[in-house]
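Supplied in structure tokens, the structure appears directly below.
Chains here go by letter, A, B and C, matching the order in which they are written, and residues are numbered from 1 within each.
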Amino acid sequence: MFFWSIVLILIGIYSSYILGKSRIKKLVYSTNLKPKSQYNYHAQYVLSWCLLPALIVYFSWAIFEEQIIQNLILDSFEYVEGAAYNDGLLLAEIRNVANNTDFSEGKSQEIINAASQYKSLKLTSEISFYISIIIIMVLGSLYAVRKINIQFNAQDTIEKYIKYILIFCSSIAVLTTIGIIFSLIFESFRFFSQVSIFEFLFSTEWYPFIPIREGQAGAEGSFGAVPIFAGTFLVMIVAMCVAAPIGLLTAIYLSEYASQKVRKTVKPLLEILAGIPTIVYGFFAFVTVAPFVKSFGQSIGIDASPTSALAAGLVMGVMIIPFISSLSDDVINSVPQSLREGSLGIGANKAETIKKVILPAALPGIVGAFLLAISRAIGETMIVVVAAGTAANLTANPFENVTTVTVQIVVALIGDQEFDNPRTLSAFALGLVLFVITLSLNVLALRIVKKYRERYE
Amino acid sequence: MNSIVAQERIIALRKKRSAQDLRFKYYGFIAMCLALAVLVFLLYSIFSRGFSAFQKTTILLEINYDQEVLKLTPDSTDQEIEKGKFFKVKKNALNNVFENLSKSDAKLIKKLFSTNIDKEIKNYYIDNPSVLNTTQKLWVTAHSNVDQMLKGNSRRDVPEDRRKLNDIQLSFIDQLVEEDRIQKEFNNFFFTRADSRHPEIAGIAGSFMGSLLTLFVVFILSFPIAIGASVYLEEFAPKNKLTELIEVNISNLAAVPSIVFGLLGLGVLLNVFGFPRSTPLVGGTVLALMTLPTIIIACRASLKAVPPSIKEGALAIGATKSQAVFHHVVPLALPGTLTGTIIGLAQALGETAPLIMIGMVAFIPNIPTGITEPSASLPVQIFLWVESAERGFQEKSAAAIMIILLFLFMMNALAVYLRNRFEKKW
Amino acid sequence: MVENNNTKISAKDVDVFYSEKQALNKISMDIKEKEVTALIGPSGCGKSTFLRCINRMNDLIEICKVTGSIKVDNEEIISSSTDVVSLRSKIGMVFQKPNPFPKSIFDNVAYGPSIHGLADTKSDLENIVITSLKKAGLYNEVKDRLNEPGTSLSGGQQQRLCIARAIAVNPEIILMDEPCSALDPIATAIIEELIDELRLNYTIIIVTHSMQQAARVSQKTCFFHLGELIESGETNKIFTNPDNTKTQDYITGRFG
């Protein structure tokens, strides 16, 4: 389908272009007037009317075709009484049979029927796809050709179309935000229709285990997210205890003490640290730091969990060191030179200048940097998924196992997803909390940093 | 206080103050060294674990390709060969690894070999049909437990019940080592195979291809859209509330945790639009949306760097706005734009969490060939291997990390090169 | 000197505002065909602003608002229905700092004709490029290296390349915004000679800081001060016997 539609589109591009050009040439020839726009623009005009609607149809077809076919198949599927069905598995099986990629024998008749129905639907869909694309291309071109005349300002129209396309491009970012908010709120709403919002926000019991069958005895999940928030907070605190001093001192050293040469080598090295994928940090936490923390705990007489908050937090701290150091570096560098000179001029030494003049002056900016780092730490996923625990545990002891918001999102979604089950939906409620918190931290931080910048500009 | 007294006091304090000064400087220095030391330690702990994965252990096996046992003739068709009784040949060979093996020992011996060796024996025959009715010495893949033991990744000085290999099996291995019938060779499986339940034959080819396809989708989507959006915001957009909203939105979107994009992919792309699950198509789309802000910000910076006089020159000879922009400004901003895009792609390459959300964590034992086929991606593969209980997967994950770091390094080097080579200073 | 009375551009009551600030106040003047008109005045007096009204380059500045009327060949150009693109193809412009495109010399000149569809074949295009370069007095210097980047030329050559680029779209008017201010005296002299030659075929309006330059190249001179047109007339008269004392003060170097 892909190859032939490309061919089709190329033919469309070529023929509509030629059509537009010959049409305006003929008009010029017969009326002997000078056209308002050049031939090329008329041709481009016809081309865009041929192409753009066809592309819209192409993409919506590509997106919705499979979905529609699946629904049709499921609607007409002859369910056998008493057998358990899973829509996803069923569809996969039907598709495999239809594509001759399922070699196991003894397929039931209803599957074979559905597979042949699937095949015929696919074929119908493909044929109608090509027909509709061709019709749309032809209609679009004809419409555009009819609009062409000597007075028609094709150039302006093309210019307008380009602008619309560009506006569409920039609206993608807005659509993404709307999509995020929509999906989070919509699914969270479904979650809160099954679990009370008070339980979620204030209860301290998190057992997201839901009865597999209706009426299964004794298995009632409870969704109190307090231990999760507490765990997230604990890991974040550990991370900040590592990253804040090291990152800030590194930034001070680099911007105030280090020679040009040191700066030029260290900064890219720190950037390497920043560019390492988080799963790599997760690996590091899991195979190197966690065993170390455990044996360290044993040596001081504490029984550390193999998935302790400390191990995850330490590594997360390492991850955000470059983040804090580069942001603080910017902030410190934007403190005006005159303040430094003023302090050094009355005989203060460098340390005193930094501690008494530069840091206070840069404080809002540094606070902003820390807030951004906190937001980053809270939203970080892979380190905690690999190195922190999955069981919710309300504790302030960093040697114990804790879980975080992001871990719970992953845990809820990594297996079977059932969108009528609060366990799956809880991911979206947690995601909503995460989104709101990180967003407000960011807005706050950016506002602080911006105010700070304005002060020195 | 007169000036002499003041001078005295200052001098008295000077030593203490300069000591403080020096101390503060050292704090900074130590902090910096600590950060760098962690980097070195991290790389060391990965490389030291990962290198061994580039080798695999193989054992020499004498295989008798007996016509009778195989139930094949020299003129057998491919289909007949496919159904040949190679497992019987294998069984005979395993029974004869050492002389006079008891039944229980033979069972233990069998566990020293990979389950893949049936295929290796068969493939050798397919490549060399002339070996029918001869006895061949073949190096076949050892089981991961043997491999790990010989590489020193699992220890033999722990009690027997906590080992994967018992004492008898260890003695067999020692004997094989003594007789030079066991060796390490380059692990071609690691680069040519997809994921497997068996560590010794698991490879990154599948997930690597998945990553490549995903990045392809990311590039196709994000590059033109980022250019369009930045051109609009830099050159066309009127200064109004709506434009401001878009700009604020982009900068905030850049700070949204990646996992939230995963939820977007799941909630909207999969559930509403019905994108095919677990595929590079949906993974790439999610990652494209995620990296878009990064690329747009870089794009806008490089568009801004093109001097307005170039655009004015074009406009003054009657170019339309879009001609001036697309003929002159955009080509000049292209190196910067590409640099930003490569950095965005590098970010996308290392991203794991959103891909887990949209189901790219499934166990996929074959190499994907299209963007609508289920596939894994390198970082997700690493995640799966890290989480796996099998010892043999740990070195695999470290080695996969080495590969991904290599690629990130190359991409960043390319970005730096492009920036230095093509970016004009005005 | 051949006198002619064909008015090419006629401005009436032109006001220009940057947001609230008024940059030009009720400018009215007529500019004759195939003459060089110099706009002089101290910096910030609005002469460049006025020049940029004529080809609507002020549109690029969002806060800039122009009212009044400017007619080119009796056609109103200060109106939303004006086709800016074809207006600019009729009015070439040369900027203060030479701004060749970072492309080859050939492509620099060929760009205008190709977007306006002036050449049907490749050899037509080559002809246009060569003629324009010749008219700009640059051809002999660059004929062997038409494929080298325009930015590799010297400043004076770059400016002549920009003139060739403007000429290539067959304009009737050429606006020059301090074309020599970034050039050395020798390059300036060459450009000034070129302007004198171009006068035979084009209506030229030149903004200049240098009164000597205005005296050397122009037939008419307009003196701007603080956004107002103080005096305009024959260059000879302005420089020898101005009516207004401000003009007198400026040209004798008392301010500016």
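One rule holds for everything that comes next: contacts are C-beta pairs under 8 Å (C-beta built on N, C-alpha and C of every residue); 3 or more make two chains touch, one makes a residue touch a chain.
Bear in mind that the values here come from a model prediction, so they are computed numbers and not experimental data.
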item: Greatest separation from chain A - chain, by CA centre; value: C
item: Chain pair with the most C-beta contacts; value: A-B
item: Distance from the mean Cα position of chain B to that of chain A, given in whole angstrom; value: 19
item: Geometric centre distance via CA averages, chain C-chain A, whole Å; value: 52
item: Averaged-CA centre spacing for the pair chain C and chain B, given as whole angstrom; value: 60
item: Junction residues of chain C, two or more chains touched; value: 85, 116
item: Residue list for chain B, restricted to those that touch at least two other chains; value: 320
item: Set of chain A residues in contact with two or more other chains; value: 155
item: Contact set on chain B toward chain C in their complex; value: 238-239, 307-310, 312-320, 323, 327-328, 332, 424
item: Chain A-touching residues of chain B, taken from the complex the two chains share; value: 10, 17-18, 20-21, 23-25, 27-32, 34-36, 38-39, 41-42, 45-46, 49, 224-229, 231-233, 236-237, 245-246, 249-253, 255-264, 266-268, 271-276, 289, 292-293, 296, 320-322, 346, 349-353, 356-357, 361, 379, 382-383, 386-387, 394, 397-398, 401, 404-405, 408, 412
item: Residues on chain A engaged by chain C in the complex (per definition of touch); value: 38-40, 153, 155
item: Interface residues, chain C side, partner chain B - complex; value: 55, 57, 60, 62, 85-90, 92-93, 95, 97, 99-102, 111-112, 115-116, 162, 165-166, 168-169
item: Complex contacts: residues of chain C adjacent to chain A; value: 83, 85, 116-117
